[in-house]
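Pasting the structures in now, so scroll down.
Both complexes shown next keep subunit A, but they swap its partner, so subunit B is in the first and subunit C is in the second.
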Partner chain A sequence: MAAAAETTLHRSRRRRRFRDRAFRASTPYALIAPVVAVIGVILAYPLYWLVKLSTEKYGLFELIQHKGVSVGLRNFSSVLHDSVFWRTLLRTVVFTAVNVTLTIVLGMLIALLLARVSTYVRVLLSSGLVLVWSMPVVVAVQVFYWMTNFENGVVNYALTQLHLGDFFHHDWYASTFSQLSLVTVLIVWGALPFVAITLYAGLAQVPRDLVEAAEVDGARPWRVFLDITLPILRPILLILTSLSIIWDFGVFTQPYLLIGQSKITSGNYLMSIYLFEEGYFKSDFGRGAAISILMLLIVAVLSVAYVRKMVRIGEAAL
Partner chain B sequence: MKRRSIVALGLVAVLASAITTATPGATKRATANNITVWLQVDAQSSWPDVVAAANQKFQSDHPGTTVNVQYQNWGDHLQKFDAALAGGGGPDVIEMGNSEMTKYMAAGAFSSLDKSSFDNSANWLKGLAGSGAYGGKTYGVPYYAGSRVVTYRKDLFSKAGISKLPATTGEYVADAKRLLAKNSTKGFSPVYIAGTDWYVALGFVFDYGGGIATQVSGKWHGLLSSPKSLAGLAAYKAFFNATSRASKTTDETHPNPYDVYAQGQAASILGPSWFTCCIGAKYKSSTAQFVMPGHVKGQSMPGFAGGSDLAVPITSSTKSLASDWIKDFTSTSSEKALQAKGNIPNATNLLGNSVNERAAARSWFVPTAKHWVDVENGNILRNMLRQILTGKLSIKQAASSASDNIESVLNQ
Partner chain C sequence: MSARGRRRRARQAGWNAVGLAVFVVMVFPVFWMISTAFKSNDQIVGLNPTWFPLHPTLSHFREAINKPFFWEDVKNSLIVVSVTVAISIVLAFLAAIALARYKFGGRKLFVVLVIGIQMLPQAGLIIPLYVVLARYHQVNALSGLIVTYMTFVLPFCVWTLRGFLLGIPKELEESAMVDGSTRLGVFLKILLPLMGPGLVATSVFAFITTWNEYIFARVLLNDQSKQTVTVWLSYFLGSSRHTDWGALMAASTLTAIPVVVFFLLVQRRIAFGLTAGAVKG
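Here is the complex of A and B:
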């Protein structure tokens, strides 16, 4: 009897222990479930439709009928055989590289400046940055457009007054290079506040005593920056660079509005504009979906390569 | 390793959310006694009273019904319309440019209308009525047509000693030189023309007997590189260089020619006759219009036969109300009011003898092809003009490449 009772007790204790373990093991899944559900709704579902759309002939006629015709991978092969796609891709990669580099380098310089100046100047400078950050993109585009206006833009006026040459009726939108350079100025200008303020926050984590010790050992500022500041900022730089690549590779509003629809041709497409023109203007939504999936893959490849490289550098340093 | 792949996976997720394009949202559906009308901003800026009068008439015939007029821009109204078609909402009446109709009629975007129920439908302007008909049915009701005329400063012309209006483009260039001599302001244009204003440029092409594209047994052939078209393009380049100080790369809305004129920076501008709306109070009394002359004496320059149609989208839930509103908005009295604003009314029996109605005598139109709208949106013509005016390519090179481009788009 007693032995039997003991086994029952033992069994029930074991069961409870098992239940506890199961509960403990499932807790993380329960905690992550809402996130998974939200991601499923806002990401996986549209993505599923995007993939489905990319395998269909879906034009204006199909749009009105609300029903596409399956064509397999024909949309993808048509995009990949389009020379405009490859030229646009190259242009966009170069454009992204220039924009991201300028953003990060200038942002870093401003952050270093912020750490050096007096409190008064720092407050002034960071309020300026926040003002830039808070300006809506469309408004910023309009201001840039006015400043570079052909008839009476202030840039032409100022450059002429400074005796840098006759800029009267200088056309800033005459060549693709000039157009995209303006867009770069606009994008970098708009992205600097976020990058500079984030890096400045990161600089606060650099231990003062470490810097002082290096300086006592005779390290020049450049050396201190390379060997102390930069390694500590690496994780932040990694995130900022990845985000910048994503933003700049897919940027649409600034180039589309600043260059203006009437000046957009296949000769100055960026990736997102190519997508917009092919998908929406030509009402070929299936092809548009195929382009956007290709864009997704390209950015993934670009960023993953970058992430792996950064992680490897990190491992090597340790 | 594991952590690395998690980082990569997370990144891909972020990317996906950043790049996935938004699916078009639906606008509010019309209820049984509420119709939504999409008109272009032209109506808002130049004839809001005509719209108000039609609404009033419509509402007195249909008590308790409200009309929600939403003004659209030419640049993006088709994208918005596409989104509305996908979402199943959108307007009950939409204004379409006559060159935009074919693509949508072919796709079945509009519901057919009873032509005989509209005022003056037996006498509708041929070009406009043609743009709204497909497969023997009527989908678009002609709204108004426009022609292109010269709006000019009488005071500046007489100060330059021009007593007689130019009868040929050659005479106009000579007059432009005199105007330039009398107006030394930097940037002053005797004739302001935006460099890539293809409506003006192609007038020269058609004046010299050229064309854009022609259909031979079902296949489109580009005409821009024909000798006659090239002569027209050369004439345009010469005319532009002699008369306009506008940007060679800008279009005719950046800036609006009438704004340049209102600032006193142009002696004349070329464009729709309603340009007089916005030339500023200062020059109102010294402004008049004439028909743009061609290169041969006695012939006017062919102008773009622009115009608008009104259509009822297939997605409308109040089609008969929508059709009734179109009736009121294109009634004889409404068309006469539009005529008074400088437009060409939609029917021949309403035509008068105004300068813009005379200008409409010689006109040209774009190829009526399903994919023509892609040529316009792809800026093939504007790009060609930019290349020609900036000298990036020779006229022949630019025209051949544009012509090939147009051919391939139209034959898709």
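Here is the complex of A and C:
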């Protein structure tokens, strides 16, 4: 009797423990389920459609009919045989390289400057940077447009006053090079605060005594920077660079709004704009889907390093 | 004073001057926006710029808010932003707890998903989203935009909240469990209060991203009364050649104000979200 009661007790305890463990094991899945469900529905379904669309002729007519006409890989071959695509890709790569280089180099210089200046300048400059950082992109575009307009833009006035040449009624929107340079200024201006402040925070990790010891040994500032500061900042620089590459490659709002819809031509396309104009604006969704896939693949390749790094950080934290 | 000390002081003054110059260049566009918004029209179009509006006028602001669709679009923005953020923050908090407190199979895959989505170029998704939402009659509907925004806001919130959760020692919860608290009790009495600031900061940042978003709003909402303020501002100039710079700058200032205020409040807490781990080690 007693023995039987003991086994039942034992069994029920074991069952409870089993249930506890099962509960514990399923908890994380229950917790992530809503997010996975939402992302799955809202993202996976359109991604499935993206692939489907890319193999179809799908324009306004098909959109209304809710039915595309299968064309195999014709959309892809049309894009890949389009010289505009290749020229746009090259332009975007060069554009990205210039923007990223300027952002990282200037950001580094500002970070070093922040470490050098007196406290009141540091407080002032970093507050200014945060203010710039907080500006919405569309607002920034409007302000830049106003500052650079040819009639009474303050930039033309200032450059003329500084004797950098005669900029009276200079039209910054006249050539592709000039347009994209303006976009670069806008993007770099907007990205500098994030980069500079992050790098400045990183500078705090550089051990003071190491730098002082090197200086006592007679190392020049340049050597100290290369041999001590830079290696310590390397992981942060890596992340900032890959983020900047990804962002600048896919940038849309700044060039689209600053250059202005009416002045966008196939001669000044960047990747996102090419996609927007050819796919959405011309309602050629099938071809647009093919361009999207090519673009997503390029960005996926560019993101590998960043995502791997972040996953490692995510794993290490537990 | 020794020659060496003097030289050092001169060098410091030099760095400070460079610092101030950088400050002026960086902040100038913001200053110019606000200053223009308060100037009279002849000061704005004059050949020699007026640096400070000594007799500020509010007429441009009045003009901006009386422009068609301003209030409708502000309302739309507020609806879209608050619904997106409210839903996202609740769902993301749950997922963040899973990431910060549990080891489970597929965890790595989930992290890749959360990070990867944030890297997707938005332009790359406009075509399929437009077509799919059009099929379900969600183009030109705020609900379609909200659903779209959630895809991007959710991963961001998950990752950021995870960072905040890692800052709370696990031992607090464990000792409460030992003392006989239930899981729900631990969550309500310990995790939630401690996460308060993190939840607020994350929501505010999500608010800012959503408020600022342009391309999805531009593509998914065509009707002028159904747009968000960001799109409203982008159409402000229209096609007129006689640009009303004063009103444009007033409208820009108005659009920026909520964002700037919120950003200044949370920047310190959240600035490192994207580089979290790399900066703080």
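Methods note: the second predicted complex is superposed on the first by the 251 of 318 C-alpha atoms of A that agree within 3 Å, B and C clash if a C-alpha of one lies under 4 Å from a C-alpha of the other, contacts with A are read in each partner's own complex, and residues count from 1 in each chain.
Throughout what follows, contacts are C-beta pairs under 8 Å (C-beta built on N, C-alpha and C of every residue); 3 or more make two chains touch, one makes a residue touch a chain.
Predicted model only: the values in this text are computed from it and were never measured.
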Report for A:L113: first if it touches subunit B alone, second if subunit C alone, otherwise both or neither.
second
In the overlay, answer first, second, both or neither for which of subunit B and subunit C A:G250 touches.
both
Check whether A:L63 is in contact with subunit B, with subunit C, with both or with neither, and answer first, second, both or neither.
both
Max touched-residue count on subunit A (subunit B vs subunit C) belongs to chain C
Where does A:F167 make contact in the superposed view: on subunit B (first), on subunit C (second), on both, or on neither?
neither
Is A:L275 touching anything from subunit B or subunit C once the two structures are fitted on A? First, second, both or neither.
both
For A:F225, select first, second, both or neither according to whether it touches subunit B, subunit C, the two together, or no partner.
neither
Between subunit B and subunit C, whom does A:L50 touch in the aligned arrangement: first, second, both, or neither?
both
In the overlaid three-chain picture, which partner chain does A:L296 touch, first (subunit B) or second (subunit C), both, or neither?
both
Of the partners subunit B and subunit C, which touch A:T265 in the superposed model: first, second, both, neither?
first
Which positions of subunit A sit in both the subunit B and the subunit C interface?
39, 42-43, 46-47, 49-50, 63, 66, 151, 246, 250, 262, 275, 279-280, 288, 292, 295-296, 299-300, 303, 307, 311
Quick one: which bits of subunit A touch subunit C in the complex? Just the residue numbers, please.
25, 27-29, 31-32, 34-36, 38-39, 42-43, 45-47, 49-50, 53, 58, 63, 66, 110, 113-114, 116-118, 121-122, 124-125, 128-147, 149, 151-152, 154, 157, 189, 192-194, 197-198, 201-202, 205, 235-236, 239-240, 243, 246, 249-250, 252-253, 257, 262, 271-273, 275-276, 279-280, 285, 288-289, 292, 295-296, 299-300, 303, 306-307, 309-311, 313-318
Contact set on subunit C toward subunit A in their complex
12, 15-16, 18-20, 22-23, 26-27, 29-30, 32-33, 36, 44-49, 91-92, 94-95, 97-104, 107-108, 110-113, 115-117, 119-132, 134-135, 147-148, 150-151, 154-155, 158, 162, 166, 208, 211-212, 214-215, 219, 230, 233-234, 236-237, 239, 243, 245, 248-249, 251-252, 255-256, 259-260, 263-264, 267, 271-272, 274-279, 281
The answer for subunit A against subunit B in the complex is residues 39, 42-43, 46-47, 49-50, 59-61, 63-66, 150-151, 168-169, 171, 173-174, 242, 246-247, 250, 260-267, 275, 277, 279-283, 288, 292, 295-296, 299-300, 303-304, 307-308, 311
Can you check the complex and tell me which residues of subunit B touch subunit A?
4, 7-8, 11-21, 23, 75-76, 78-79, 82, 85-86, 88, 103-104, 106-109, 186-187, 196, 245-251, 253-255, 260, 265, 314-315, 374, 377-380, 382-383, 386, 390
